[in-house]
Amino acid sequence: EPVHMNVSYQPTNWWALPYVLATKKNWWADVGLQVSYSTFPAGVPQIASAAAGSWDAGGTGSVPAVIGAARYHILTVGITNDESATNVLIATKEAAARFEKNPKEALKGQRILVTANSTGEYAAAACLHKYGLSENDVTMVNLGQAGIMSALTSGTAGFGALWAPNSYTLEDKIGAKIVCTGKDGDAIIPGALVVREDYAKEHPDLVAKYLAVYLHAIKWEKAHPEETVKALQEADKEAGVPISEKYAKVEYQRPIFDLAEQLEIMARHGGKPSKVDVWFDRIAEFMKSKGSLQSVPAASSYITDKYLKMVNDDPKLKAFANDASR
Amino acid sequence: MAQLVASRRPGRGIPSAPELAALSVAGLLLFFAAWYGVAASGWVPSRFLPGPQVIAEMIDRLAQQPYAGYTIQVHTLASLKRFALGFGLAAALGVPLGLLMGWYRWLDDLVTPLFEAVRFVAPIAWVPFAALWFGTGIGGPILIIFSGAFPPCVINAYRGARQVDKVLVEAAQTLGAGGLRAIGEVLVPAALPSIVAGLRVSAGLGWQSLIGAELIVVSSGVGYLMVQGQTSLQTPIVMSAMVAIGVIGFVIDVALRALERAVRRSWGDQG
Amino acid sequence: MFRNVKRAFRRSDQEVLALDDVSFEVGEKEFVAIVGPSGCGKTTLLRMAAGLDFPSAGSVLVGAHEVAGPGPDRAVVFQQFALFPWKTVEENIGFGLRCRGTPSDARAAIVARYVELMGLQGYERAYPQQLSGGMQQRVAIARSYALDPDVLLMDEPFGALDAQTRVVMQEELIKLCRVNPRTALFITHSVEEAVYLADRVVVMTRSPGRIREILDIASVRRREAWEKLEHVEEVMDLESFVHLRTRIWRMLREQQEGAAVPGVPAQPA
Amino acid sequence: MFRNVKRAFRRSDQEVLALDDVSFEVGEKEFVAIVGPSGCGKTTLLRMAAGLDFPSAGSVLVGAHEVAGPGPDRAVVFQQFALFPWKTVEENIGFGLRCRGTPSDARAAIVARYVELMGLQGYERAYPQQLSGGMQQRVAIARSYALDPDVLLMDEPFGALDAQTRVVMQEELIKLCRVNPRTALFITHSVEEAVYLADRVVVMTRSPGRIREILDIASVRRREAWEKLEHVEEVMDLESFVHLRTRIWRMLREQQEGAAVPGVPAQPA
Amino acid sequence: MAASVRSASATGRSSAVSSSATRATRDAKRLGGQRRAVLALAAIVPLLILWYVLTSVTHTVSPGRFPSPHDVYQAALQISHGNGYAGGTMSRQVWQSSKLVLMGFAVASGVGVPLGLLMGWSRRAEALINPAFLLLRPIPPLAWIPLAILWFGLGDGAKIFVIWFAAFVPAVINSHTGVRNLDPTLIAAARVHGASPPQIVRHVLIPGALPMIFTGLRLSLQASWTTLVAAELVGAILGLGHVLIVASLDIYPGMILYAMIWVGIMGAAMTKALGVVEKRVIPWRS
């Protein structure tokens, strides 16, 4: 008798592929889960609808994860991927040319189109810092991802912050250039596996099973590069944002973490903050500086490896999570 | 000079039906010709304004192959279902409220101050609350449509009720019509033209708010189709969605206009 | 019925007294007509009896009770027809009966009788918009008659009728009142009509409306046996009738003096 | 003026003939009154003369030209007052003059004269809504008079006036026509009014409207020198007047037969 | 017969004012403005109390779902001081949005009312314009954003365009209906008194349609405000809509509600102002 669970994610994302695969390959049934999905175009409505109990567990960006933690008792129980390299500052051809000559001068006083409260904004801010600029040296203009793409296409602005696969689309269609990534700016931007705290309290076992499926998918993806790339292209096409094989392969380069790796980056050795704690604290600091948060939530209050450990401690789940054969 | 002169309505008279139909067709042709012309002239890059023929092809393709999960028909149906629920709820609550406000002074005084403030809040501003209260279920989008469609229902019913010839109400009262009957048989029919006009506006706004809702909180429907098209910079898809939105909005309006005409006819207005 | 009634209206920030200290009563089953110059407040008076308006001072009583609002015991025929534009002639006439809950076959019978009485055959399904002014007023009268109310309040009910229909209607009304007497308050501009129909005639003065005199017609009528004559014209030829008519006429003419000044304006060529 | 005029209307998918084969003419500066039962098409006839409606067959001529549309040479006083609710009494009266481009001081003078003539002093700044029905009609009449048109088309202009004002207005009108003769088409329900005012009276039959007879009053008036008498009542007492009146009255009464059937309905208790 | 008309003696100067129920309601009606204010308070005060009790005393409604009065107060404090929130203090946000709304509304009514009058006046113009109007009209302002960015860039122009599009529709429809519902006898009366077509438009059509035009303007004004959020999605750096957008991205219910309250106040105030204009322009409606 499978147990029902509401799972939420954002389609057309590299880290969404495990959900698509899990359904297609019926991995949920292997751990005795039956899931229904709620999908969202962005993290904020996703978090808001968690407050209404629309979903139990899922994946989201790190910025929404922090907001969820600060406001709605959303726990971060794992990491979907490291998207530092795919949250980028992108420029139109002309702007990119100027940027190549003198990045600082090219950026200074410009309008930078960003989606407020997104990992993209975080990456853009990191890029500015990299070139010795602060947010006061430019005008940050808030636009949705689609709006940024329209504006860049029409040449109304030169720079914008996008994430994959939107950045690929723009590169493809108008020859825009990525001038700086979050990684370049030294900002680590993880994606978060999240779960509602009260749900986790009630059903810790189900959370562990959910993690096991996701980790199983990661293992599988790592073991089957070609099939994964193909599956990603298919999934994105179905969702309405097709990407070429070239970019699907770039996507595949994004770091993902299997069970052992996850345990490692989330471990707080001797009371010291874990790697993940540090990443999230920086994001939270950034959000506080913008007035989005009044205070930085303590990492230990919402980031936990408890459920990963449960997977690790359950031989059956551990075996499933580490099985890359099917 | 005793010949029949019925056909000889002197100058500037009422234009004939065929003439009007011809003008309507001409208007439409003009619109499409202008669109085609602008698109073909290259004045606007085709990335931003594809010609009507491109859109027609795209719609045909969207009808055959699923995009953003479904074919365009399925998207449309999903939108229509949300619309029907939200608009139905707004009409079912808004029209009676407006009529009662026009009828009972105290209710008017009680509701108006609150209503006067709330109606200026954008439907999409309710998105966060819709998500917080109803999540992603059908309730969220419905709240948003409702908040767009509700005010015109109330306002027009209210205005209609206020403009009813007082002597008619008095006549009904002196004929022994109690409150309810006077409302049902005098207030409602007298306010009906105004109510239907309000429903038209309301349907328009509701439909527009729905698109707003679909841009943000759901993953099906023509609004979603549009935003997905936009993120993949496929203007033909965006405009196909706009056409679908326009056409459905038009059909809804035509239906309500037919209702309006039926109402007028029941007044014995033969014109 | 009316006790020291005053009614003031505001017109562009000024209080205008429309009725001043009007007191009179209408006996049971008595037919009282009110005549007076235009704008003297006749309609206002009638609206108060109907419960559609209220005195600024004084009180209006029906039976022992102050009038608190409109009711089907007091049917009103309005100066402006006040038909429901969205109802057919039949539906308009039957409206009051429907409100009362008369079963539909009984209602249909009554409606049919009044359609015939008012010469509206063939127009049962027509909407008011499609009728001439006179026909509309006939529908309005039928609508009130059909209710068979205790008190009839009529504001120039025959004002819009053509002369012939008007005479027929006057005869009808008087027959109706004889067979089935009703308390009635009747406003008219026609002195002849008032004298012909009423038991008493209230003559009012120009604004602010006051009572000039109340004439007793009933006693003359009984004495001179007007009832014996069938047609209006015959009654109008009687000396007693002419005498009363002229008396009222003079009262009204008096008031005309000083008001509208006759004089042909020199038209520009 | 009217030549073989027919006019049909559609009523619930049926053609209804309102006027059938009406032909008569109004001479220059002649005053013609039309009487006839309600709904016989009098208003329709007048609207055609005004250029607001057009015949289904036949033609309507003013002067040598077929009527093509309305114009200020033919002023209309409507049965329903048709005042502009958004204009004050003054502005309503002055409307036609303004359209014509009369300078504002000349206009003010004319308006003031008509305000006085109609006894509307004190109401110059009032809106029609604030007036009684009778006062509204007086404004409507003033509005048309003020234009001093060649042809006056009046649809029961005195219908809503009280008896006294009505008589004064009739006297005014006749004086006006004597001083400054106008071609006039005048619709009324009052046979007395028609005989008193008109040079000729057109009597119409019940629907479809046809001409029953056209009576020449002018010749009698001249012969009997009605003009000598100043007041309406005096004229009405003349034998020649009573004779004409009774003749028309009978024609109308004839038609009443077979139409509205008199009979007191048995009221439900 | 119970309901027959009878009266007690009807003489004397004793205008004894009886205190019947009718008189009470009549007096209440006279109170007018005062009574309305009282009733408005009667509606709002209990609602405020209920809000406070549910969110802050009984905690029936969690502050995450709906902000408590304290949350809103905190938000108000935050946005009133220093750099404010979302790029500026509340006064600057309100000012920016009012400017946008007024400009959008002005352009919309300037174009919409004449167009509606024209369509009401001439059946030919209506036949020509209506189809395209009916097709374009249901397209939501949000859908125009990409084109608005293309045509007008990211400045105020694009935002005004989005507002214009939404506000213009009710102005057209209501002016159109206003003309169509005009009593034809009034037009006939004007014609027989020699009014030329322009004079009919000026003296009959426009004043006759004015009540409906004002209905349309009210709806236009409302549409201007309700489109503000959509308009300020076009790269705003200031404005109430921008505050709402940022606050919703921050999931900051206290700030959302505070901004909504301001939108409500500003919208109601502008409507009130429009009502004052209406009273002056339409004095014949008592």
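Each chain gets a letter, A, B, C, D and E, in the order it is written, and its residues are counted from 1.
Note that contacts are C-beta pairs under 8 Å (C-beta built on N, C-alpha and C of every residue); 3 or more make two chains touch, one makes a residue touch a chain.
Bear in mind the structure is a predicted one, so any value in this text is a computation, not a measurement.
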Practice problem: Return the chain pair with more inter-chain C-beta contacts, choosing between A-B and B-E. | Solution: B-E
Practice problem: Using only the C-alpha atoms, find the rotation that maps chain C onto chain D and quote its angle between 0 and 180 degrees, to the nearest 5. | Solution: 180
Exercise. Average the CA atoms of each chain to get its centre, and name the chain whose centre is farthest from that of chain C.
Key: A
Quiz item: Taking each chain's centre as its mean C-alpha position, how far apart are chain A and chain C in Å?
Solution: 84
Exercise. Report, in whole Å, the distance between the mean C-alpha point of chain B and the mean C-alpha point of chain C.
Key: 48
Quiz item: Approximately how many whole Å separate the CA-defined centres of chain C and chain D?
Solution: 24
Quiz item: What is the distance, in whole Å, between the centres of chain A and chain E, each centre taken as the mean of its C-alpha atoms?
Solution: 42
Practice problem: For chain E, write out the residues touching at least two other chains, lowest number first. | Solution: 64-65, 146, 150, 248, 251
Quiz item: Mind pulling the chain A residues that touch 2 or more other chains?
Solution: 44, 48, 51-52, 146, 150, 154
Exercise. Enumerate the residues of chain D that touch no fewer than two other chains.
Key: 11, 69, 80, 130
Exercise. Report the residues of chain D in contact with chain E in the complex, numbered from low to high.
Key: 47, 50-52, 69-72, 74-76, 78, 80, 82-87, 95-96, 98-100, 127-130, 143-144, 147, 153
Practice problem: Enumerate the contact residues on chain A facing chain E in the complex. | Solution: 44, 47-48, 51-52, 67, 71-72, 111, 113, 116-117, 139-144, 146-147, 150-151, 154, 156-157, 291-293
Exercise. Flag every residue of chain C that touches chain D in the complex, lowest number first.
Key: 11-12, 35-39, 43, 79-80, 106, 110, 113-114, 116-119, 125-126, 130-135, 138, 145, 148, 159-166, 168, 171-172, 175-176, 179-180, 189-191, 252-253, 255-256, 259-265, 267-268
Self-check item: Contact footprint of chain A on chain B as seen in their complex
Solution: 47-48, 66-69, 127-128, 131-137, 140, 215-217, 219, 224-225, 227-233, 237
Practice problem: Under the touch definition given earlier, write down the residues of chain E that touch chain B in their complex. | Solution: 29, 35-36, 39-40, 42-44, 47, 64-66, 123-124, 127-132, 134-143, 146-147, 150, 166, 169-170, 173-174, 177, 181, 211, 215, 218-219, 222-223, 225-230, 241, 244, 247-248, 251, 253, 256, 259-261, 263-268, 271
